[in-house]
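Listed below are the structures to be examined.
Here subunit A shows up in two complexes: once beside subunit B, once beside subunit C.
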Partner chain A sequence: MKLFATYHPSVLLVYFIGVIGITMFTMNPLLLLISFLGAFGFAIQLENKQIVFASFAFYIPMFFLISVTNPLFSHNGVTPLFFLNDQPVTLEAMLYGAAIGGMIVSVMYWCRCYNLIMTSDKFIYLFGKVIPKLSLVISMAIRFVPLFIKQIKHISTVQKTMGIYATKSIVDRVLSGFRIFSAMITWSLENAVDTAASMRARGYGLSGRTNFSLFRFTLRDGIMLSVILALLITALIGNNMGVLDYSFYPRMSRIQISPLAIITYITLLTLLFIPFVVEVEENRKWNYYISKI
Partner chain B sequence: MKKDLLALGFIVLAIALILSGTKFQTVDEYYMTHIDDITPDSKTVTISIRCDTILDNWNDLVPELQSDEFVPQDGVILPETAYVLREGDTAFDITDRAVRYNKIQMEYQGANMNSYGSVYIQGIHYLYEFSCGPLSGWMYRVNGVFPNYGCSKYELKDGDIIEWVYTCDLGRDVGCIWMGGEWEEE
Partner chain C sequence: MELLHIKNLEFTYPDEKEKALKGVDLTVEQGEFIVICGQSGCGKTTLLRLLKREIAPAGEQSGTILYDGTKLSNLEDRTAACEIGYVMQNPESQIVMDKVWHELAFGLENMGISTPEIRRRVGEMASFFGIQTWFRNQTADLSGGQKQLLNLASIMVMHPKVLILDEPTSQLDPIGASEFIATLQKLNKELGLTILLVEHRLEDVFPIADKVVVMEQGRVILCDTPENVGQELKCVSQEHQMLMGLPSAVRIYNQLNVDDACPLTVRDGRGFLSRNFKKDRARLNVVKRKAEENGEAIVRLKEAWFRYERDLPDVLRGVDLEVYSGETFCILGGNGTGKTTTLKVISGQARAYRGKVEIQGKNIKEYKGIELYRHNIALLPQNPQSAFVKSTVEEDLNEVCKAMNYNKDEGKKFIADIIEKLGISHLVQKHPYDLSGGEQQKAALAKMLLLKPKILLLDEPTKGIDAYSKQVLRTILTDLKEQGITVIIVTHDVEFAALCADRCAMFFDGEVVSVDEPNTFFASNTFYTTAASRISRHMFENAVTCEDVVALCLENGLKERSNQLGA
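This part shows the complex of A and B:
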């Protein structure tokens, strides 16, 4: 169990909605970089380092694909690099694509962390009483992809053991991938229905049904929540004053460096690095205590 | 392994097909346009590009375009200039040649990309449709009349005067009657 995961679910929910929202709705490169580093640092604390670095194999090609695709559809910008079928491919469009790519990768890293920290029991604890059906659907939807990947690994291992498409040929592997995928679609539909039926059988969502959970909102949670909210509000005020504004077209604007802008950036930096700092501090303490044994 | 080689062959073929249908040009090649010299017996048309209406609606303009660099202070992007009319030239051909010759940025949607079967000019000189309010965009008139169809369908004749004007009000502020007028009558 990681320390950040022991905070009350409401604190975690506010935090993740805040950071994912900030990352999704900004085009400011500096802010995107901070957000990426925050998410990446957190992911490294949560998961095995090798797994996080292995995930680059997926994120880096995706990042480049998005950066290259944007200039094909967007031709605005003052710096044409070359012309493709009489339409300019501009530096601005490329960097805009890179910013979008960076944003998507950061959001994906945040969602990775969300999945590890905010397990479905926490989500159901928060919303199970208020909106039972919707919260079950949302929780299943969020859980869908990790579960899907896990099951794919199961099926492919079984198929390999059975010797189906177990050659080294890439074509065979792709074909086997299609087969597994088609099996997975059926499986995931069935699984969703099963889950819903099973939850119903347990009387989920009926009135008068009680839940047991270990979550207590303590002073520590109160302090963390108020810190997060204070930082979020400060950042929003800064954003409304326009200090985070950034535009790529037609000419890339400069990142503002006024005192107000610096305060806003520091606020965001603090906000986005909270989980990382919490985990690093915990590790430090842990190592300190072991060193005394 | 044979299957892999076959698949690789197909992929290479597909990439080659895509590349053969793509025209690559450097910036200099693109802007290097041949303009015919005007001789006494050559047919000519004049073309101008203006964006005066933006100056009257400055506050509607998106902030990143609010500078002299993108909106000239007199509203003239291309002053009236005469160009030689080649056989079968449409209003779009002349416009394309003129902006290339003067190195003015222009983005358009090709004739096969929309249901009107005509080129649509999205932006000239970084001023795009909707850059200055929801009713803004580029319109053209020939000899003072706004044709109600696309510029690549308008065949020009000797002595035509083409004007590209930026409107901030669906044509009403540049004197276009066929849309503004009808609307007001209703």
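This part shows the complex of A and C:
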């Protein structure tokens, strides 16, 4: 279990909404770089390093594809590199494409981390607070899917072993799929009758249902949540004062270096590297303890 | 104190002429353990469901049910939901939530109980049932036994006063089943919980019950202590179908007509035999059943190795097996020893990665396409339900004929033959899912037999069916043997194997550790053997079925009366 994952789901949700929001709504190259590094660092801590590096095989071509596509359609900018079909391909458009590519890749890395951290039970817990019925339905659906798949496999092997519609011809395959599907519908309904009885038997439908969960909001969660919120607010104030503004067209603006800008960047750097730092610190602690034994 | 009082209860399902329950009277005292038994369709489930108001079937009802002095229909909602707990047959479909802990909390959430209280109760119950090691798991990943234990636990957290269970162990393997029954006994003894249990397998529950209720055609015909029921049932009818379902000790006692107390357990049974019978002749002459010498191997596994995935451990580790033409071969063994996997390898559902599998002397790899399933091999799955895909049994059967390219008249004749032989003509118009376990089994078997196989593979054919259906299955198997069909059965049911097998094989750790004809096989096992063998092994060498024991007893004769008093 990774340490960051043990924080209360609401803390995690706020954090992910915050960082993904920041990454999505900025075009500031420095900020995008920080965001990418934060997400990447976190992903490396969460997953096997090899898997993360292997994912480059997908992300790098995507990054270049976006960078190259933008200048083909957008001809803004004052620095033409060359002409293609009498249309200028500009440096600004190219870098703008790169920024968008970087933004998308960073967001995808953050989502990857989100998927690993926010497991279904956390998600259900959070939404159960808002819409109790929905959380129950989601939970039942999550339970039902593996059951359904198992039964499909089961029926299809049994049918295959009887040798009915089991040749490799397309007609047979379609027919066999159709038969199994119709059997599965009956099976699901049949199953649902039992499940409904079991729910009623345990008093489902009485008024005043509560929502139980294993998560507890502790002091540690409180501290982490306040830190995250404080950093988010500071960054937003900085943003509203315009220190993060950046534009590519008609020509690229400079990244501001005022005291306020530096403070804002440091705030964002801290915010985006929280999970990375938390995990690294945890590893260090463990190694320390192990070395003491 | 009376907890449940049922008076003159009658019930009719809508659109049915005959009453499902006819004047049932029953009182349940606080803390009693009551076992209800009877053939399928005798009204057991109807009775139980009527006791649980939330899931009572719709229909016409007369008579009264009092719970703790109050009419059941006047009971407060929360009391009715909490105090009467109900566990159903199918472990899978009763589970609602995706996580074990959430399933445990489900009932309490419905009651609107606060989080700290739920936390306490769930924690307490998880420790009592030993659930803590899989507390955070997905419910879909649990074994059958674990699932049923979870169902029980998630009812126990609601603190019921009476627990109603409808064949809770019928879908479990014997180990899971005994664990479940042991847990029930613990609940009854340690918490004084009142329990009403419907069961087919009486071997385990008969001795621990306070009262046994026998039902027949919607009536309670007997309600007494297990000892008395064991004796009285015979007086009701010599040929009563329920007699077959009784524990081995009771059945041996019933067939011997001795003036002594009725034994219930293996221990009592041993005492009963040594008290009353001489042991001059200890060996039964076993007629050598048709076996190796006259048949050639129709299925042969040579050093077969198999694993499900590259990185998983081997399930079969060099299985050597020869099954001869025309014999009935039983494969026994614990869970996860590779029994079912062996069937898969034989039926071509799975492929051995090393070693050789030969069907009728031809390597299984040389069978192309569906050739293997045309007049060669048919496999009856563990859950017969999965054999059906149509909306009536008849449609399913017709489809097989079409797939097998029988012409119309031929197909009709085959179907009529098989239907008659299996005695399922009243079932053909029904939806396969509406049939009971035993009926489903027969219908699925009909489908397999239509394929006209030479080798029939059965995976756990006795799972979830009552003693009478087992008997019927046995006659069907004898009949198949006469037709020369080779039958390979994978089963946990040692009693069944002892009765119908020509040879038995024991699987352990992905290998065959012993193969022998049943009398020798079970007589040489000490634990993994039939109850009849355990009852009689101190006197007789190779008696493995109740009939064997009875035959030897009759031959040896009673001890002198004076000896009996001396012992």
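Following the convention adopted for this analysis, the second predicted complex is superposed on the first by the 211 of 293 C-alpha atoms of A that agree within 3 Å, B and C clash if a C-alpha of one lies under 4 Å from a C-alpha of the other, contacts with A are read in each partner's own complex, and residues count from 1 in each chain.
We adopt the following convention: a contact is a pair of C-beta atoms (placed from the backbone, for glycine too) under 8 Å apart; a residue touches a chain by one contact, two chains touch by 3 or more.
On a predicted model such as this, the values are computed, not experimentally measured, just so you know.
In the superposed pair of complexes, A:K2 makes contact with neither subunit B nor subunit C. Looking at the shared chain after the overlay, A:V171 reaches subunit B, while subunit C stays out of its contact range. Using the contact criterion defined above for the overlaid structures, shared-chain residue A:H75 touches subunit B, although it does not reach subunit C. In the superposition on chain A, A:F83 makes contact with subunit B only, not with subunit C. In the superposed model, A:Y249 lies in contact with subunit B only, and not with subunit C.
Contacts of A:T195 after superposition: subunit C is touched, whereas subunit B is not reached.
With both complexes superposed, C is the one of subunit B and subunit C in contact with more subunit A residues.
In the superposition on chain A, subunit A positions 168 are in contact with subunit B in one complex as well as with subunit C in the other.
Listing the residues of subunit A that touch subunit B in their complex gives 75-76, 78, 80-88, 168-172, 245, 247, 249-251, 253. Residues 52, 54-55, 77-78, 81-82, 85-86, 88, 90, 92-99, 101-102, 105-115, 118-119, 122, 136, 138-140, 151, 154-155, 158, 347-349, 369-370, 372-374, 377-379, 381, 383, 385-391, 399-400, 403, 431, 433, 447-448, 451 of subunit C touch subunit A in their complex. Interface residues of subunit B, counted against subunit A in their complex, comprise 1, 3-4, 6-7, 22-27, 29-30, 63-65, 69-70, 105, 107, 123, 126, 128. Those residues of subunit A that touch subunit C in the shared complex are 120-121, 139-140, 142-143, 146-147, 150-151, 154-155, 157-168, 179-180, 182-183, 186-187, 190-191, 194-195, 197-214.
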